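Okay, so chain A shows up in both of these, paired with chain B first and chain C after.
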Partner chain A sequence: MWKWKRKEKSSTEQTQQKSKQKKSLTEFIQSLQNSEDFVCYSLGGENECTISYIKTMSDSKILNRSVLPILNDGIFQSIEEIKQNIPVENMTVTEDIDLIQEKVMFGYIMIQLSNSAKEVLLIPAVSLEARQVSIPEVEFSVVGPKEAFVETLNTNINLIRKRLPLPQLTIKELTIGKVTKTRVAVIFVDGVVDPKNVETVTQRLEDIEFDQLIDSSFISQILADNSNSPFPQFLDTERPDRVVSNLIEGKVAIMADGAPHALTCPTTVVELFGASDDYFVPWHLATVFRLIRLFAVIFSVLSTPLYVAVLTYHHEMIPGELMATIVSSRADIPFPPILEVIVLELTIELLREAGARLPTKIGQTIGIVGGIVIGTAAVDAGLTSNVLLIIVALSALASFTTPIYQIGNTIRLIRFPFIIGAQMWGLIGVSMCMVFFIGHLVKLQSIGRPFFEPIYPLRVHDLKDSFVRLPFSKQTERPTLMRTKDSQRMDASRANAKRDIDE
Partner chain B sequence: MKAKIFLVSLIAVSLLSGCIDHSSVEENAIIQMAGYDKGENKRIRGTVSIPQYEGSGEGSPATEVYLTASADGVKEVEEEIQKQSSKPISIGKLSVTLYSMELAEEGISDIIDILSRDPRISRNMFLGIVDGDTKDVIESKPSSSQESTSSRHLKGLIDTNTQYNFPKTNLHRFLYSYYAEGMDPFLPIIIPKDSTVELDGLAFFKGGAVVGTIPESKSFPFRMLKENFKRGMQKINFEGGTIMLDNIGSSVNYEMKGTVDDPEFDIKIDLKAEVNEMVGINREATPALAKEIEKASVDFFEKNADELIQMFKEKEIDPLGLGNFAKTRKRNFDLTKWKDNYSDLKVNVKINVEITEYGIFS
Partner chain C sequence: MNKLNNTNSLDIPENYLVTPMYVFFLIHSMQIGVGILGFEKYLVEKAGYDAWISILIAGVFLHLILWMIYRLLQNGGGDIVQIHKNVFGKYIGGFLSLVFSLYFLLLTFTVIITFIEVIKVWVFPSLQVWIFVFVLLSLVYYLVSGGFRVITGVCLISVFIGLPLLLLKYFPVQAGHSLNVYPVISHSVTDILAATKQSILSFIGLEFLLIYYPFIKNPAKSKKWAHFAVFYTTMIYLISLIVTFVYFSEEQLKQVLWGTISAWKIVEFPFIERFEYVGIAMWLYVILPNICLGLWGATRIPKRLFNIKQKYVLIAFILVLFFPAAILEGRPVIDAVNNLSGQAGFYVLLYIPVLLVLKTISDKVRKKREG
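Up next is the complex of A and B:
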């Protein structure tokens, strides 16, 4: 029965063995010569050598200005001598075919003195097309820094380092992805971070067995403690300022080359609802906004399930004054509340999906057209009640208040089990779903640290920056969750000292 | 394996128990008011009002449908009414239940029992005694200026007036005093008057039967004895004219002295009031006059309070809950003994009236 499976396994083993056999340099060059953009020519004259590079990856300026004049003018006996004369930094002389292959594929220029020699000189001439650093689009904030990560890892690390000029800021680099060979950086502040967290992250990264690593979200899915959970267990942010403040708190950041997002961990469910804006406004305002956001999330998840439950089972829960409004708006609808809700929720999801896939300008139009035209038409046609239309629109709006896109997606999805529960068992069904989700959240971990942290396990100290944000002077210690080696952020007595007179 | 068993049982439970019959709110006949009269041959005649909501129209119901049925018991009335209704009956939104005086005097213990058992019924529901036929009250078309349906009208009527002269009442309070030891319930009396209905006093229960009533004019003194309240008006005769006392804060305090066998109660009432209207009194408003009015009011209230307490003793009822008060404060409380001694109970009512304002003169 399982023959096909066994066969497949043995064939993969064979290919793996094949790939382990080292190719020779000439084989490598031959395989590259199938591509039109690979340039390989012999330089005549005094120094007979072969120059090979991929012209789409290499900067021809370096070749023309720094390499060719030297090679044409001088007479060199060995490859080491060339290396000493060419004014380009970080050149390597090697005969390791794996290294040669990796470097040439990245745009290094390879120079062989004569075709027979095994040693080659690799000159870095990488030309990378990269996007300019632009304003954050997913986590936009009105005040505060307006820089967002781009797809180049070096630029991203630069954005972090310039905000954190510390020798302790450590960056470990790994190469992950069998085919893509993506550079992945683990960033942390040594002396603040708990080394166990770094160990966990690096170990899990090293264990990744996957051929392609296109984006950092791949990492967040593969590294997740529970990959079947709808909740993101890594905080996904495009703001360097947020990453920096997380690093200082003792968290670990993971960045991948080609991904404009950084992942920070360990994270908690509360943190996913905090925006960086919260730190740019006075603490009372930030607290109120956070509570509004929390309410919005609860409303967004529970409003339509409650509508279904109350209208189907618990008529006595409708306030007397609302009775007439709800009943008369429902009177013409041919569907039971559950169908009505599912149809409308799916419509909203369609609009959202369509809006996300279309170009920005058309996307906005779709939102307006969909919202106004379809909504009004559905009510006029008697397919949905206008009360429900308001509820669904509000809950959709409320789900947009989540600052992190990934958790927004989760919120979008988890209301459906609630709706089904509400239809089957009324309020009991809603409570059952709630118990199920809270149980799941309590069990969930982010790199081995509790995900539901300030609430369960209850750590009163960490509540200072969760649902409420106390002023900076009250947050003198780093969060307990991080188990940081240096828990003191600043001197509490000096931070809270009263300065009546400005001397 | 565990997960599999869990999944299978979850699916089984959801599929098997998801089959109960349910209908959306607009497919139900939502009873908002019910009334019970004495029917023929010791039967109960129930009348219900069901608002009819117009589709795609304005929010308020335009009409009400009244259904009447006779049966031996309350649940049977429900069943009989179901036979007349095209939609399933839903009693969760019942907001007013009325009993005719005739029925209430015979005792409504059986009906009260049903009310206390049904979890769908709101504890905020209002109960009332109708001096006359509840059917007439329920089916009375309210005058055009007021609420659109009679259930809303009656609910609003009781709700509003229990903020003024009438003591607070609802199903919860009624059941509490019905089941409490040393406490008896009371309900407001509603009478049909011309084209509308009116609150007309209080009916006092002994067990499940009405044994005494007081007119609307005495409900202010009763409320003063029963609970703290902040509104309401009382007319007081003074030197041939009348004065309207406008209550702005009345607080009552019970104190128990003596032993369980020989208790004595002090009821202290502090009333703050304004005087805004004096009819037929040709005197200038001065602090001296205010003092005189205060004294007259104290006399008036003390007289009324004594009369009320005397009446309670005669009827052997305890709407103030003095027995309950004693029970919660003294050990060895014996209900039968208390009842035997109730008629000799010493209750001293001390009233202090303070007139804080008597208006602005020019």
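Up next is the complex of A and C:
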């Protein structure tokens, strides 16, 4: 129902905008002249043409070196003649006011033969400010490539293309955002990717009705199959190498201009716990690290709820010797376990949020001061127990092991329903919450593909690169999830050929 | 006739189908439920330590029933509703299908109240039952509204989560006396058969195949998985029974209501003991497929019969379950409900051969008429 409402609204908006755009070239110039950085002047001399451009967006070097000398030297009868003489690539002659507006706003130089002429020449002279390509900060890795995406789409695509010199690497561009007119690129390897996935992504992108598109995370929220889910349904990465390896697996990548991140889809919950480091170290190490990460996540979500459940309802479960330790640390504490846990968890969240908002150097200090000072003080004052402090600190630490930032946030959040469940019905409450989240994951989809794959639907083949990572020689096929057109990665028989002794 | 066929056509879109392998999980997870937590007592009452033979006989019987179910479905044109309609006509057939729906609902109800009983006896004696039932049923609604594929996923995960619990059988075996099982066969055939009937009650659940059969891709290939599932369930029951025999003495076992849970009590690790709390909490995963698939089956039949939205039926049935489950309590009532659903299940299983015979006759008659 809500989609239907949205459509109706958008259609009225569209008609409004259309009527707005029907203005003439002179009106467009007039509206621009309100801004100080818009330059528009008539060239004296034999050619009485008008040059207009936005000073802050255009590169004056091109104007001075390639355009003005030609215009001053020769005599031109038509706009086409000028076009032939100016040595700049990719110029257009047009009357289309929409195109003119779009290009001039991007920094093109507009030349009219006379003030009233409708036909104009557009010369590309875009000057874009771009950050240098730097090392990845969110997904840092010790070994492996150290390039991260920047805010310019062209640079980002360059980073991908240079790793994938393949004519089949296709880039479709769309303009999204009613006001921001952001360039969005859909990137895929033709011949590997399932065309249905590309179709779904493009379709959904085209359906976006929103005025602004500041970052790619806007896309991931709008495009999500279930936008009420705490789980990210797109993999959000800042590493070009990761995007390239995903593209080769048959995934689709989405990049927006102005966003230093790429989204790849379809993704699975397991993939969100994989780091690119896993592919840079030998497979046994990678497997162990992955399992440690999985354990860390489970620990991070379940440790405090289990503390609440066991201490509130099931003391009998703790063996005698361990009970002594816990009792002695909790003897002076006036609060029930649930209150103790919630206070401490909220403190940790507070520290984390404060650390994230402050500049890096102060942030670190806040973390240390907050962690050590507040933690010790709370224990000394008898507000929380030592045991719980250890558990909470460990679970906070464990939640940082997730390589993808977005899933880390999810883990931060989903702990709280578990704590409430534990307070209500002890272990049974925890297991009820777990059932809910597992059911939710089973239901969830990423652009129409199951999000809980390879566990359900159970695909033994895809398990080779999920909780464990088997050696490359065993990964002879691309993941089944993507339904790739070409599923073979290599010639399996040659890769795994057995050789006899001394052969 | 043509028009009727159209309205009942069972062309389920491919993206709602599951592969044959999942039949294993669907059948197995449906067969294992609350029954296995305390089935030993009832068997021992009938056949003493010879009850393991009864389990084996029951297993063989179930393989036979499964074979018949496949025979029924193979050329039945869909599910039980269609078969009933073809054999008995629209009204009687529809009525019989409704009986099946009610039977599925009864099974669901039994599982819910028995599990609540377990929680009340073992964990929370003063549990606020209606809140618990409310949360549980909301959860079930969330899962069932996801459709058959989601339910299959729940079955799969329940089997995986239930697996580690099997390893706990090691502890009672270590503490028990394996000589308990001897001497073999000291009971009469009638005793053993009585225990067989009793044990079949724990095995019911495979009749749901009658309703989800059209959701299986290449159903013919699912046969081996289905038989494998029944075999696996039989083995699990057999192992559970023997472990309980080894751990408890025959006289004691007659007094123990929840044999398996009692055996969990002795599990001990350096950081945790009294494992029955963990066991019961994890048992939620094991009973969840029972409730979900039960409700799905119960609501699917009215949808097929009257062409009403399954969502509405689901809400109605959940309300029907909610009030009695929130109110009923006490061992006698729960025993009665368990007996009732056990009897019903037994007759449903016996009804399958009858239906097969009737269907074969009606098919032959129809063929003659057409030929």
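Worth a mention:
In the analysis below, the second predicted complex is superposed on the first by the 477 of 503 C-alpha atoms of A that agree within 3 Å, B and C clash if a C-alpha of one lies under 4 Å from a C-alpha of the other, contacts with A are read in each partner's own complex, and residues count from 1 in each chain.
Keep in mind that, in the parts below, contacts are C-beta pairs under 8 Å (C-beta built on N, C-alpha and C of every residue); 3 or more make two chains touch, one makes a residue touch a chain.
Values in this document were obtained by computation on a predicted structure and should not be read as measured data.
With the C-alpha superposition on chain A as described, chain C and chain B clash in the combined arrangement. Once the two complexes are overlaid on the shared chain, A:291 sits clear of chain B and of chain C alike. Once chain A of one complex is fitted onto chain A of the other, the partner contacts of A:135 are absent, as it touches neither chain B nor chain C.
Shared-chain residue A:143: touches no atom of chain B or chain C. By the touch criterion defined above, A:425 reaches both chain B and chain C.
In the superposition on chain A, A:439 contacts chain C only, with no contact to chain B. Contacts of A:350 after superposition on the shared chain: neither chain B nor chain C is touched. Once chain A of one complex is fitted onto chain A of the other, the partner contacts of A:313 extend to both chain B and chain C. In the superposition on chain A, A:458 contacts chain C only, with no contact to chain B.
Of the two partner chains placed around the shared chain by superposition, neither chain B nor chain C is touched by A:490.
Only one of the chain B stretches 129-137, 327-335 or 345-353 carries C-alpha atoms that clash with chain C in the superposed arrangement, namely 327-335. When the two complexes are superposed on chain A, the residues of chain A that touch both chain B and chain C are 313-314, 316-318, 425.
Listing the residues of chain C that touch chain A in their complex gives 18-19, 21, 119, 123-124, 127, 132, 135-136, 139, 142-143, 146, 150, 152-154, 156-157, 268, 270-275, 277-278, 280-282, 284-285, 288. Against chain B, the residues of chain A that register as touching in their complex are 310-318, 320, 323-333, 336-337, 382, 423-425. Interface residues of chain A, counted against chain C in their complex, comprise 313-314, 316-319, 322, 425-428, 430-432, 435-436, 438-440, 442-443, 452, 455-458. On chain B, the positions that touch chain A within their shared complex are 14, 17-18, 22-26, 28, 30, 32, 51, 53-61, 90, 92-93, 95, 120-122, 152, 155.
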